[in-house]
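I'd like to ask you about the structure that follows.
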Amino acid sequence: MEILAPLLQYLISGLTNGAIYALIALGFGIIYNATTIINFAQGEMVMLGALCAISIYHVNPSLPLAFAGGVAMVTVIGLVFERLALRPVRDPSPISLIIITVGGAVFIKGIAMLLWGKDPYSLPPFTSNVPIGLGPATILPQNLWVLGVGALLVLFLEAFLRLTLVGKAMRACAYNPRAARLVGISTGRMVQLSFGLSAALGAAGGILIAPLTLGVYDMGTMLGLKGFSAAILGGLGSILGGVLGGLLLGVAESLASGLISSGYRDAVAFLILLVALFIRPQGLLGGKQ
Amino acid sequence: MAVNDISFGVPAGLVKAVIGPNGAGKTTLFNLITGFLAPQRGRILYREQEIQSLPAYAVASLGIARTFQLVQLFDHMTVLENVMVGRHRLSRAGLFSGGLRLPWARREEAAIRDKALEALEFVGLADRAAQPAAVLPLGLKRLLEIARSLASEPSLLLLDEPASGLDRVETERLGEMILTLRDRGITILLVEHDMSLTMEVADDIAVLNYGRLIAEGPPRAIQKHPEVIAAYLGTDWQG
Amino acid sequence: MKSRASLVLVAVIMAGLICFGAAGAKAEKKPYVIGGIFSITGPASYLGEPERNTMEMLAAELNAKGGIKGNPVKVVIYDDEGDVTKARLHAEKLLKKDQALTIIGPSLTHTSMAVLPITQQAKTPLISCAAGIGITSPAKERVWTFKTAQTDAMAVSRIYQYLKQHNLTKVAILTVSTGFGVSGKEQLTKQAEEYGIQVVAQEVFGEKDTDMTPQLTKIRGTDAQTVICWGTGPAPALVAKNMKQLGVTIPLIQSHGAASRKFIELAGDAADGIMMPAGKLVVYPLLPDTDPQKAVCQEYDKKYQAQYNKPASSFGGYAYDAMMMLAQALEKAGADRAKIRAALEQTKNFVGVSGVFNMSPEDHNGLTPEAFVMVKIEKGDFKLIE
Amino acid sequence: MRLPRLLNRWLLFTAAVFLIALLMENEYYLTLLNFIGIHTLLVVGLNLLMGYAGQISLGHAAFFGLGAYTSGILTVTYGLNPWLAMLAGMIISGVAAFLIGIPALKLRGYYLAMATLGFGVIVYIVFTEAQAWTGGPSGLAGIPALHLAGLSFDTPWKLYLLIWMVVILILILSASIVDSRIGRALRALHDSEAAAESLGVNTQRLKLLIFVWSALYASLAGSLFAHTMNFIAPSSFDIMFSIKLVTMVVVGGMASVWGSLLGAGVLTILPEVLVFFHDFEVVIFGGILMVVMIFLPRGLVRGLLDLKEFRRYKRQGGAFPV
């Protein structure tokens, strides 16, 4: 019994972080599906989401407005990024794209530092800040918001891809771009859409955790890397895989810092990634490479 | 999926052509033979040795060379260097011996250069040796690819649509080249859409359609084969 | 290979860059050159930025008053980004190129450690703004090195004094895995015995970590009576929030690294009840008028606010003290490094922002635990405990 | 005929290196050049991997760090001879690269980038957390200078001679490798892995070989760094440093040994020259990476040289490659 009590707490904390990783992983997956590009600047979208929302909140203290505004602003940034940094690329080999998006991430982070300064900012929780007892563990309402909105976003995304015409077109693009073009789908438009969508998802994740983690210009890098790890863990491009990968990674991390050593927490996360890459590079739910 | 239940042989020292409409599985067949794809079932024998499970480089080191339908040159290297890579399997200088320019490695390097120039001369590209491969017109790129394959001294050479993009004169020269190579004892497996070329150089023809072998035989017989005519009717028969 | 062309290109560009750099080297002879190396960008920018601002502000002020002994003061400040290579290069540049009489900084313990071998070798005083005790001790080996930041040992003994008074004997410590946290952890475990305190849990967190609930959950499972958190930046605020989330009700004591208004702002309502040792700058309005530091802190804060529109921070205070102390030494010694060093070493009863300094050949920091006051946060503001 | 010309070129370069040093009136510039030398070693190695083999490593700082820490720990804690420690560092780095490389190089593009990056993060954390060995974030002090037959390399001048001697040797070695059979195979697999395989190049093995090789360079650079600084701390070996190395390769030009020297030089000097824009430094780094890769995917110098060369041949009717 003594052992069980902290375990539940680790689980809660792991799932909350994992939900954010999952949202970021989905962002990676969406772009990868449409373009086979890995956008290393994905983590910066999370940071931008949090900071934009905080800025909006400072002007007009309304959380729904801050959320919507933050997501909208970052979506635009995602589209602009695609237009300026990726559309003109002359040699779309992985190595060029990695360097370009890594450069983009560094660049965006630098700009954010100039705009927002180096101080962290806080965003109030969406609803009350009183912890809820859950047996031996406690949970904050904001944790529930993260998990709930995260789940909703995943469902929305799945429905969008499966049920709407645009979503189907996107999947067609991913499956066979040439065939998609033949039936009149504009692949360029789909690529744009994928960047917008993944930026929006990242931003939403950033705003959701901002009340828990604060917003600061350099928060995106590590989140981006963890999100990518989650995406690979689950299988690049698989929605369910991304969610699973994110949650697994979050929980593993939390258990590692609780049960093994808190100092090696990030090391454990990346070790899991390495092992996964070596044993099953296509990911838990990924198809063949 | 693309290729199913094919069984045929390539007699040593002859030119065998594989023809068939687009999507018939010709390139897939090439990829299977050269180790770029692994067959799900069946065997590929080369000189009585099973090679279907070998990786591409191992197949190559047995003396099986190929060209590509979409030319795959080393764009950022010179024409000569492209061909010199062809000697890879026949030379052995490593990081240290090459980096330290040991005497034997230098001798080997000189030999590689001579052989490469020889191959370039054969295809008539010797005067372009110092140019970057990327600047060559498509026709010459195809020739360079052939020279590169030849530099590896293959006993079996697979040519994947070598004449596409060549003009009439170039195609004729290609035909002569293929025959010369055959006379030198190199077995050639050819995929080609240009029927006049195929008929001219092939000793034997296999016809694929929808991943199946529908006919096999000498050129004259194939031209009259009813199933072949049916398969090509209304399609891109370019003969 | 086109190596000849590239060789020429390489040579020309490198030579050009170096000449460009060299062009700046021809400085005027007159002014007193004071070097500064701070972590202005990078993870420790919250230290370096106020330090640079303070140094620039004081230099302008000194020059407005006609400089020191009629010589204008020229400050040359470089950013080390928290990186030892950069710090080393900048130190070399300040020593060899800018001919600095004294260097203030670096902001961090590890960058200070990387710099001090060459400042010692060049017989140039270095006034570090970092906390690590190893920077100025052993004093015999650190002849040319001083520092103005209070050492962790003082903060720790301040905390333990308080715990002892209140009969709290079991503590859990939670430290950040940076030099600051590691040195804090060292002191916390080392001094515990002396005060009859038992460390029942030792946990660490990363500088950029955003969730410390696993560590705190583990601590919750122990019989600790107090949690001591040693960190800087946003993480300590998150620790406070996480503790509230977990319903851990034992008192939380933060280090002086968290003693700023920003901490209260970030931690929000979770800040209530948290205690910490703080430099007096943070709470100077609460100090009795008899406290000599009150006026100094007030003056610094007012000036800083006026110029940068932000409250002054203890970190900037380290640079403030270093600069003021150095100005005093320069006044006495002139442009002679050995004399400056001697003057710095003889500094007595210097009332600074970070405490009252009494330097000596054995002590190149010159502060006592009295440099700290214990404060508690109540209703979003600091309150003195004693 | 070829050998004397080659020798000539290198003698010229060696002479230039020492002439430049003599012109430096100020020891600070020597220190700067020393760091440029160390960075050049790293960049040449990374360039063999990125520019020639077309594989990316976002964790090269880890091998640099392994070299530095092995040298540091073995000399400080165990009093080992620095040269032996340097060798030990290279062995450890090489083995680490081999173990990471076997599985990682089977992976392509993104996976390799992520695997090396993950490895880099783990190694960095170990440097920080294994305080008993590494001294943790506060660093490892008191690393002795290298010495040879009574001569101790402890001043910028002596270090300059040592470091640049090593740099020149490594540059010669690397340039020869690039021009040799292995170098050709590397460049070939970058342009077309399929074609290289079809000619008998075992691309998998070759990638692994060059990955380990470049890790050895990095380790060597790390050891020199440790003995130059006499002090090391984990912050020198973080991801950002790996990214800076990639930037150096990109600026210097992929597949260009000389470009590596330039890339390391420019990006080491640039922050010194632009010291008053330091807040913009990251933005500038990021911007350089993006703009160069978008418009000159083979890097700045190599890209410009290519442009010139291809313009020359364009009249003969070739297509313009990227």
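Some points to look at:
The chains carry the letters A, B, C and D, assigned in the order they are written, with residues numbered from 1 in each.
In this text, a residue touches a chain if its C-beta (ideal position, glycine included) is under 8 Å from a C-beta of that chain, and two chains touch if they have at least 3 such contacts.
Being a predicted model, the structure only gives us computed values, none of them experimental.
For the pairs A-C and A-D, the larger set of C-beta contacts lies at A-D. Among the other chains, the CA centroid farthest from that of chain D is the one of B. If each chain is reduced to the average of its C-alpha atoms, the one that sits nearest the average of all protein C-alpha atoms is D.
Look at where the CA atoms of chain B average out and do the same for chain C: the two points lie 70 Å apart. In terms of their C-alpha centroids, the spacing between chain A and chain B amounts to 47 Å. Computed from the mean C-alpha positions, the centre of chain A lies at a distance of 36 Å from the centre of chain C.
Separating the centre of chain A from that of chain D, both taken as means of CA atoms, is a distance of 32 Å.
Contact of a single residue of chain D with at least two other chains is seen at positions 128-129, 279, 281-282, 309. Touching of two or more other chains is recorded for residues 113, 261, 263, 266 of chain A. Multi-chain contact residues of chain C (touching two or more other chains) are listed as 41, 177, 204.
Pairwise, the chains that touch each other are A-C, A-D, B-D, C-D. Of all residues in chain C, only 1-7, 9-11, 13-15, 17-18, 20-22, 25, 40-41, 78-79, 81-86, 88-89, 92-93, 95-97, 109-111, 113-114, 117, 132, 134, 177-179, 181-183, 204 touch chain D in the complex they form.
For chain C in complex with chain A, the residues that touch the partner chain are 41, 43, 45-46, 49, 177, 203-206, 208-211, 213-215, 217-218, 220-221, 233-234, 237-238, 241, 244-247, 262, 265-266, 268-269. By the touch rule above, chain D contacts chain A in their complex via residues 50, 54-56, 58, 100, 103-104, 106-111, 113-115, 117-119, 121-122, 125-126, 128-129, 239, 243, 246-247, 250, 279-290, 293-295, 297, 322. By the touch rule above, chain D contacts chain B in their complex via residues 173-174, 176-177, 180-185, 187-188, 190-192, 194-204, 209, 213, 255, 298, 306, 309-310, 313-314, 316-321. Contact residues on chain D toward chain C in their complex (touch as defined above): 9, 12-13, 16, 20, 24, 26-29, 31-32, 35, 128-129, 131, 136-139, 141, 156, 175, 179, 225, 229-233, 235-236, 256-259, 261-262, 265-266, 269-273, 275, 278-279, 281-282, 301, 305, 309.
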